[in-house]
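Next up: some structures, all given as structure tokens.
After this come two complexes, each holding chain A, first together with chain B and then together with chain C.
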Partner chain A sequence: MRKFFPVEELARDERFHTITMRDRMADPRASRNLNADQSRRSSNRLSPDRKDASDAARSMMHGIFVGEIQALEGAGRTCWDFTTGGEAPFALKLDMARQAWDEARHVEISVKLADWMGTEIGQFAENTVLFEAACSHDPVLRLAGVNRALEGLAIDVFTTMKEFGDLAGDPYLEFCEDWMLADEVTHVKMGSDWLRRLTEGDAERRAAALEFQSVVDKLFSYGGTRSDSDESIIGLARRFRHLAGFTDDEIDEIADVSRQALEEAKERKRRLQERAAAGAAG
Partner chain B sequence: MAVTVTPATFTLVYFDAAAIAAVAAGVAERLGVTADLVIEVDEASPLPRVWTTPGDPIAIRVESGAFEDTRRPRHQSDEAVARSVGRALLRLLDRFTGFAAAPDDADLTLAQAAAWDTYVIGRLHRRGWPQHEQRWRYNFRNRHGFTDAADAAFDRLWAADNLTWDQLVTISDQALAARAA
Partner chain C sequence: MADPRKPRPPFAPWDRRELPGAFDVEESARRVGHYKWIEMKLFEALGGWVATVPELDVKMRLGTHCYHHAWHAEQWHKRLPELREMNPDRLTVPPNDEMVAFIEALTEPEAPELTIEKLVGVYRVLVPHKVAAYTYHLNNTSQITDAPTIRALRFVLQDEMEDWRDGEMLIQSLLDTPAEVARAAEHQSKLEQILVRAGGIAGPGTIGYAIPAPEEVTA
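Moving on, here comes the complex of A and B:
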């Protein structure tokens, strides 16, 4: 079995249609409608009082589903891609194997939730950015990108979805998200612990890993999707991030990166509106 | 009956104005609409909102998300075109047959909008445009509660053909009352 599997060759049947982050960024419509409903709503957060709440929740749940598949693939690859002992300690691989087991269970839960919400497998495009973050050739960077950035995002998403289920009175959604959230906190904690252990005495490697995490965090915040602000669909789950081993400074840094992404998205929207207005006037 | 789609050429999405017009004409014909249709697509918005103005022609203004294939962003889905146009036209037809007392779309409560959508989509489903029932049941539950009473109300609306606005509101209110109990 080969090592370091390319994202383009992930096994998917005909139900799936994959897109890359480049495809998403190339959509000229993406930043034009940030807060399109702001004149009527005080918050952009995913909540049942949105007119598009049901479809938005279905879309987000499908995003979770494909994210779980990619997280399973990523954790599985980490067990295989690196030599035991030399590149990655056996105990780290054991943690990744446990994570793969969790992710497989999450995929099954997500399929059942999608069915409950009226979504077919593959009904929404699959963004493969999550697996791309799991392709680093350095296990420390992979832990930073996947376990801390990606699984950290999962904490934010699951918290938002759990609150959505609670407010809507949907017992299945709230219960399932709560259980998966507990696993994600464990996954992030594993990443935080291993990052510190593997880079002990190697400040340069630690800095490179944290820089990679910051890049991935910003990618996942693209378009202002996730931040502390109510203008973002997904909130930053500070309490659960604390439980997962993030320090206050680290959470503040993610908040800054996310806020920056939100401001950039608003700036892009402003420029597009100006260009459109200039075009209309001319 | 003529259908006009603007813009004639799309630059931000991969839509085909002629294909949209053909699907919309087919839907209108099968629903018994004789007025002309003018469909204006806002391709700069990925949202799925639709607004309808009665008259001859009937004006339908949509954002590109309403006609989009969720599997392939920016690409057109004939199924989505049929659903969005059919839903808009059936709601318009309803207003002339028993729904005269219904508030403007902007003034509908979330529960009323979900109940009306259930009634509209159920009829589209039976008239030959298959719909994913569970998707609409989930939407109805989000607005009326995850209860047996809400499910029973959904089933009545989904299977109904000749409701009045008052009947629809009564069914919706009964489900909401069961949620509160």
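Moving on, here comes the complex of A and C:
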């Protein structure tokens, strides 16, 4: 078995349809969908009063399901890809093995929840961007990209889904999301602690890791999907991020990056509308 | 209630534990070091394979079992300093080169259509050998002086037995044709032969008998 597994070779059965982040960015529907009926709503946040609440929640749950598979694969690969001691401390690899188990449970939970919500495996495309963040050849970058950026996003997503379950009167959904949220806070804290320990006395490496995290954070905020604004489907879970070891400054920075991504998405939408209007006029 | 001042025997009549054991401190530490090494190799391999298997149920079990073996490695890592080995890395080694060759052969399959080989190597060869080695240690070490190792062995063995059953059921669910049965048997035989040459996961004498070299068998 090779070290460092290419994202395009992730093993899936025939039900899955994988796309890359590039495919998603090239799809103009991503911009069009933002605030598609904003004029009729005060918020774009996932809530039961949205006309498309069922489909949006199902889509998000399927996204969680495939994201958990990739998180499981990423944690597992960190156990294999790096030599113990020389490249990654024994204790870090034990933590990654523990995370693999947690992610396996999350796959089990989310596949059952997806079924509960009436979704079939493969009903939505699988974006492999999460595993791409787990492909770095430097374990510190993996911790920054996966445990801090990706698992941080998971905190935001689970908080949003937990609130959705509460508002929709679905205690089954709320219960499960709350349990997964507890694990994600642990994973982010794990990432924060290891990042600090592994870059102790190496300011350059730490800066590179935080920069990588920022890039991944922006990628995950693509299209304005996640931000402090109600215009985003997913909110920024500040309290749980605090618990996971993020400082106020770090959360503010993610909020800025997310807001910027939201503004960019709105600008893309405006340009598309102008182009469409010009086409109709011509 | 009985008189609390009345002398009682230090060992209750039902407590039949004995002091003598087959291993001294050094031998117990040597074995524990080999256990840690093999558990590390196994959890790393299971973690690596997760991304390579397309079967969703297998993928999730590998992720779960990956942690079990990492936890076992951690137990043995913690036990080593208690056995006077203050540098656990010194004893975290394979018993011989054959064991290294075994791990290389075990972890060789990568392609998505080789799930049978991956599972057979772990659940029909390595895990049964681990169960044998741990059981031998459990049954032969001093029940009093080496009680901490015994406690760890019992927890570890519980995982091993459950994982063994999980893995065997996955293998049976994947074997549909005579050709697949033959594939499984062939791979099992190939790996078993290497492990026999290694003498087991702790080297010759893993389960008491020092396995004779092939030339002695044929002589």
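Keep this in mind: the second predicted complex is superposed on the first by the 281 of 282 C-alpha atoms of A that agree within 3 Å, B and C clash if a C-alpha of one lies under 4 Å from a C-alpha of the other, contacts with A are read in each partner's own complex, and residues count from 1 in each chain.
Going forward, a contact is a pair of C-beta atoms (placed from the backbone, for glycine too) under 8 Å apart; a residue touches a chain by one contact, two chains touch by 3 or more.
Quantities reported herein were computed from a predicted structural model and do not represent experimental measurements.
Peer 1: Overlaying the two complexes on chain A, which is it for chain B and chain C: clash or fit?
Peer 2: On the superposed model, which is not a single observed complex, chain B and chain C fit side by side.
Peer 1: Quick check on the superposed pair: does A:116 touch chain B, chain C, both, or neither? Answer first, second, both or neither.
Peer 2: In the superposition, A:116 touches chain B alone.
Peer 1: In the superposed arrangement, which partner chain does A:170 touch: chain B (first), chain C (second), both, or neither?
Peer 2: A:170 sits against chain B, while chain C stays out of touch.
Peer 1: Just checking: does A:124 make contact with chain B only, chain C only, both, or neither of them? Give me first, second, both or neither.
Peer 2: In the superposition, A:124 touches chain B alone.
Peer 1: Quick one: is A:13 in contact with chain B, with chain C, with both, or with neither? Answer first, second, both or neither.
Peer 2: In the superposed model, A:13 contacts chain C only, not chain B.
Peer 1: If you stack the two complexes on chain A, which partner ends up touching A:79: first (chain B), second (chain C), both, or neither?
Peer 2: second
Peer 1: Tell me the contact category for A:104 with respect to chain B and chain C: first, second, both or neither.
Peer 2: Only chain C is touched by A:104; chain B is not.
Peer 1: Does chain B (first) or chain C (second) touch A:49, or do both, or does neither?
Peer 2: A:49 sits against chain B, while chain C stays out of touch.
Peer 1: Looking at the overlay, what does A:59 touch: chain B (first), chain C (second), both, or neither?
Peer 2: It touches chain B, and chain C stays clear.
Peer 1: Considering the aligned complexes, could you tell me the closest Cα pair distance between chain B and chain C in angstrom?
Peer 2: Across the overlay, chain B reaches chain C at a minimum of 17 Å between C-alpha atoms.
Peer 1: Does any part of chain A touch chain B in one structure and chain C in the other, and if so which residues?
Peer 2: none
Peer 1: Touching chain B in the complex: which residues of chain A?
Peer 2: Of all residues in chain A, those touching chain B are 17, 19, 23-24, 27-30, 32-33, 36, 48-49, 51-55, 57-59, 115-120, 122-125, 168-171, 276.
Peer 1: If we count contacts the way the header does, which residues on chain B are in touch with chain A in the complex?
Peer 2: 12-13, 43-48, 64, 70-74, 110, 113, 132-139, 141-142, 145-146, 179
Peer 1: Can you check the complex and tell me which residues of chain C touch chain A?
Peer 2: Listed in rising order, the residues are 40, 43-56, 59-64, 66-71, 73-74, 77, 89, 107-110, 112.
Peer 1: For the complex, which residues does chain A have touching chain C?
Peer 2: Result: residues 1-2, 5, 9-13, 69, 72-73, 75-81, 84-85, 90, 93-94, 96-98, 100-101, 103-105, 107-108, 111, 121, 131 of chain A touch chain C.
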